[in-house]
Amino acid sequence: MLQKAFDNVRKNKPLIHNITNYVTVHECANIIIACGGSPIMADDIEEVSDITSICSGLNINIGTLNKNSIESMFIAGKKANELNHPVLLDPVGAGASKLRTETAIKLIKEIQFSVIRGNISEIKALSNGCKNTRGVDADTNDIINENNIETIINLAKKFSEETNAIIAITGAIDIVANKNNVYIIKNGCPEMSHITGSGCMLSAMTTAFICANHSNELHACAASVCAMGLAGEKALQKMKNLNAGNASYSNLIIDEIYNMNRDNFIKGAKYEYR
Amino acid sequence: MLQKAFDNVRKNKPLIHNITNYVTVHECANIIIACGGSPIMADDIEEVSDITSICSGLNINIGTLNKNSIESMFIAGKKANELNHPVLLDPVGAGASKLRTETAIKLIKEIQFSVIRGNISEIKALSNGCKNTRGVDADTNDIINENNIETIINLAKKFSEETNAIIAITGAIDIVANKNNVYIIKNGCPEMSHITGSGCMLSAMTTAFICANHSNELHACAASVCAMGLAGEKALQKMKNLNAGNASYSNLIIDEIYNMNRDNFIKGAKYEYR
Amino acid sequence: MLQKAFDNVRKNKPLIHNITNYVTVHECANIIIACGGSPIMADDIEEVSDITSICSGLNINIGTLNKNSIESMFIAGKKANELNHPVLLDPVGAGASKLRTETAIKLIKEIQFSVIRGNISEIKALSNGCKNTRGVDADTNDIINENNIETIINLAKKFSEETNAIIAITGAIDIVANKNNVYIIKNGCPEMSHITGSGCMLSAMTTAFICANHSNELHACAASVCAMGLAGEKALQKMKNLNAGNASYSNLIIDEIYNMNRDNFIKGAKYEYR
């Protein structure tokens, strides 16, 4: 199943509309290309409806949201819903400011998302109402481990039921759930948190995966999360061999997605489905 | 001729004002430095006139245009015209939204550009009035090849006559034309479309080339296009040797421009002039 | 002293709020992580007060300032002052436009900065009132060398006395001064000016250093300047070994910060304190 989802991105070459932050936008564009899609970034109120109409799906990332881009997120999101295009939300830093939390909550109310992807602190901030998060990184008290994983799976399923979206919570262990089923994914490594934008990149790539696999978005989402974690593992080896650091690591991860194929993808994917 | 144009950028170190998108802006800055120029990015209405006045030329790229930056493009473009500074237009995604197409057309009407550089879909969208393009990439039906090249040369010459600008259409084969003459350039490789911003980088670098070669902008523009394609070829070898991917490839291209010299430039340039 | 300042960043992991330009923002984020901090970028008027409140310090960089971000700089800066958080100013391009010069001067008047870091042209533009600078790079007439260093030290001390901020002037020789004392730092190499954003990166990292060393900001600032220069030297060797260029060099510098430890830091730091 998952390798088919992986293949379909390269076959269908989905064009993805991104309303995203200016910190990691370049990496988001390159990873969409690396996995087989084609990115377009556009956030002006006057054009987002046009742009989203020619695309297959929409990636909304609130990383450096502002008055204008927020309005564009609503316009584009509603248009994409109208056209039945998948829409993904990355609620970067939800919980860190009132503006981020409230914007994310309002987006979830007014737009039907296919996927909401965040770290555990962001997802808790949205599912629990209000809670402070430590900036854009997951709170250390929130780390997903073997002890709390069942609680978090239940939280994800419940939040999925409420939002009718797939919930992807990424961390030391990744969870991809709808209200009934869950993928528990163990790819990845702690060093992925040493680069800016690993979450943003995953969200951008996941949008391409769900657009290329419209009929089975849960599998597609899990495939994207596995691919990202696997790329992180492979790139880490390269980084160490080169005595490189986090800046090079960021590029090496994208490179690994670019060079990944069906066979090494499925060989490396570590997941449990229930 | 072309190697002199190449040398002049390193000799004259032109300062280039860029009003550009936030996706590939970092790469545009680094490639301007790599070829011998110096970049400054500024897009606020209050300062673009000041900034363009201290520069040698202006690069306008509509990649993530917005209400404010559009107004700044007109202010800076008119100021640059007044000062007789070369101005380049990169109409990223013209044809993909009404805002982009109309902004590009209005810019061409109100500002005298030295060069308009785009892919064939963008140039067609502007020269033909209106036509849908597939996002920011050239439509696959639009690919320049041996069969349609004469038609496209004629389109470029005609559009040059209408706009009094050099028209640079880049793709599998690159065309750099004024109303009378044309360079047909065969440097480059398909993998250059696997990175975000190869077009933006070329436009930024070309602005430096025409500023350093004010008296012969056609040659300067052709030299820049050759240099970019050649850097793409050389970087591809490196990418393959390193088992790298598109993220590293982007940096390797800029690195090749940084390390290119007059001799290996002219040895590698593949062009026909008529 | 300096190695303790270096260590404290990794120990304290300060969260840094950045209001910065969209050219080098990605590199600023990665270098903050590389040195041990955690970055958050946020510039909307509605959220900067919230964001700065959860952070340890604030980095204000006017590289691509605009109407909205300028207002946010004042709001966040005043809030940070209220909370006794260190605030750093990088007056990118002060002297190059009226907007930049006046904004920087007004920021210095209304906000108490811990550190003001710029090249000599920028610092002169602010300390002397008005003077044209060549874009975002230091004027070649302004290069710090053995002949003019005493004059520049005096200028830095005087400007420090006026602003009650540490003044960091970076160039061929770096000066970090308060009104009484000065560090003269000889790490670094000319190639660091061949990448976009070496100054911005240093400012971002320095904010993390002063936040982690609140009780001795002069040492912290000097430690950051030494670390940056040392990373530049080490990365240059790697760049040359790889036949790489300026784009890779930028990443290699961040990588060197990531891999730097207390021992190789203090072994490589070249400074005089008086």
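Note that the chains take the letters A, B and C in the order they are written out, and that residue 1 is the start of every chain.
Operating definition for what follows: a residue touches a chain if its C-beta (ideal position, glycine included) is under 8 Å from a C-beta of that chain, and two chains touch if they have at least 3 such contacts.
Keep in mind it's a predicted model, so treat the numbers as computed, not measured.
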| item | value |
| --- | --- |
| Shortest contact path, subunit A to subunit C, counted in steps | 1 |
| Subunit B onto subunit C, rotation angle from CA fit, given as a multiple of 5 degrees | 120 |
| Subunit B against subunit A, contact positions shared by both copies (same if over half, else different) | different |
| CA centroid of subunit A to CA centroid of subunit B, Å | 33 |
| Of all residues in subunit B, the ones touching two or more other chains | 22, 26-27, 250-251 |
| Of subunit A, residues touching subunit B in the complex | 15, 22, 25-27, 29-31, 33-34, 38-47, 50-51, 54-55, 68, 250-259 |
| Interface residues, subunit C side, partner subunit B - complex | 21-24, 26-27, 63-67, 93, 96-100, 132, 134-137, 194-197, 243-248, 250-251 |
